[in-house]
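Order of writing sets the labels: A, B and C. Residues in every chain begin at 1.
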Amino acid sequence: MANSRQLWAKSGPDRLLFAADIAGTLVFAIEGAMAAVNGKLDLIGIVVLAFCTALGGGLVRDILLGALPPAALRDWRYPAIPIVAAVLVFFLDRYVRAIPAAIQVLDAAGLALFAVAGTVKARLHKMNALVAIMLGTITAVGGGTIRDVLLNQIPNVLRIEVYATAALVGSACMLAARKLRVPSNAAAAIGGGVCFLLRILGIWRHWNLPRALGQ
Amino acid sequence: MANSRQLWAKSGPDRLLFAADIAGTLVFAIEGAMAAVNGKLDLIGIVVLAFCTALGGGLVRDILLGALPPAALRDWRYPAIPIVAAVLVFFLDRYVRAIPAAIQVLDAAGLALFAVAGTVKARLHKMNALVAIMLGTITAVGGGTIRDVLLNQIPNVLRIEVYATAALVGSACMLAARKLRVPSNAAAAIGGGVCFLLRILGIWRHWNLPRALGQ
Amino acid sequence: MANSRQLWAKSGPDRLLFAADIAGTLVFAIEGAMAAVNGKLDLIGIVVLAFCTALGGGLVRDILLGALPPAALRDWRYPAIPIVAAVLVFFLDRYVRAIPAAIQVLDAAGLALFAVAGTVKARLHKMNALVAIMLGTITAVGGGTIRDVLLNQIPNVLRIEVYATAALVGSACMLAARKLRVPSNAAAAIGGGVCFLLRILGIWRHWNLPRALGQ
């Protein structure tokens, strides 16, 4: 516990990033747990879906980067979050559902955070810009994709309004800002902000990307 | 063959563990092959599903641990087992189906064995207790999950009576026993025994975990 | 660009292999994009499916070999190909569909190429023959499997006429030829040729593997 408290007491920006990461993981875990409840799964199914939704994107990113074991398995707090989320949803499902707007805003925040974090990690591992954007997007939408595959649905991220697109554009904006010598924290804020705003606009205006011409 | 016979002639406990591992792999492979027959797949589909069901859980565990290439690809006997199982089921499907009770008991044994083996391997790779329990459970139920995803079904392990739960509780009991300084072989026997009994009781009493309150 | 042109200007056989690899990736990407259009996905869904179909098999192979980050993420041209394919299909879908026979022939060529490339890479990583055949087959059919899982379908590779089988037999023929001391380039040509011909024959004669006896 002493050791864990030390980890929490990091310097300013790192602490902020860590807190944001935990918050994003929790939001995604709650969404995964709610999807499991909708799918009539039992308690362990709820834990499994919460786990896959919250940590799946980062796991796939770390596997592709060869950064193994993945970050999510090195710190006990990451796997603990989905368990907390599953128990919360298990007992409080009907109350959580009463605040869908809050969940959508938090989800957009989680999406932005994961896209930025994935892009940064890919760059630290010397991936080129195209791959970094791709891995940022995978970090953001990978967990939801695994959740939908397990629930036997076509992944929503492949269909709904400006979801993966928001992550991709946010990640690209961050790299473009870095190219223009914007400091890394400001570039991350720009990329995350663009992703968040695009997603909120997408929900609000029911934006959809076009499908193939002639379909 | 000389080399292979040397491997079989290991000292007592190791030899037992290896024999048990091969037996568990064979049972899971047979179940995967039977699921493929139910899904109207052809011979190669049967081999693929036997392979994924028998080795998928261990492959995912080893990928997450960064223990690559996975154990299942380092010894030719592991990939050979699903081929044998597929051929067996291909020719003897109707006879195998005549003994469902035997298959359920063997499946519970395979579940227990894989949960214990996965937990032990995770601990050897310095994973913390929570992650070790998780990886033990993934080893036990990962193959069946991949099988069901390929067959376009919601994974049964997320739904049926005390399946993933048995693996999880068995794994946790083993770690608790180790914490209480029980010798490692005895702790493994305790964990495996708890998993096996829970699963058999689950089948016998049609136990199910509760779903979310208010659903 | 200068650097890229240098890469293209490799010596004879390497250059041929690289060109063939790029061609195979492009064909698979186009097929993935067309499947996404059929599934009514939007532009980013088309890119994602093109990416998974074209690069998924190689990614799974490299993950299992522990050859991380995967080859497909080390060279920007590999992830660029699915984007090009998605844009092509997005605008020209109806024209591409007008030439199904050409696509089937190109697909058979891609299958043969990927089976050979996967087997060679597995052998370079000291995998035994059985595992090398398996990884060759995974390279060839893994991308299509991921595509079908994301589209919520039972993978076609587990069902259609002599598809995974052609990859498996081609890979085995290549290893058998090497065992008989055929030079590596000739062995690759034999393996790839067998795979290609089997697949074309499979389409032409509507060959199917048998299902379990008594079904």
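The rule is simple: a contact is a pair of C-beta atoms (placed from the backbone, for glycine too) under 8 Å apart; a residue touches a chain by one contact, two chains touch by 3 or more.
Model, not experiment: these values are computed from the prediction.
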Rotating chain A so its CA atoms sit on chain B gives an angle in degrees, to the nearest 5, of 120
Looking at where chain A touches chain C, is over half of the residue numbers used by both copies, so same, or under half, so different? different
Can you compute the centre-to-centre distance for chain A and chain C, using the mean CA position of each chain? Integer Å is fine. 30
Which residues of chain A are in contact with two or more other chains? 63, 66, 68, 149, 152
Contact set on chain C toward chain A in their complex: 36-37, 39-46, 48-49, 51, 59, 63, 66, 68-70, 73, 76, 79-80, 89-91, 93-94, 149-152
Mind listing the chain C positions that touch chain B in their complex? 63-66, 68, 125, 127-131, 134-135, 145, 149, 152-155, 158-159, 164-165, 168, 208-215
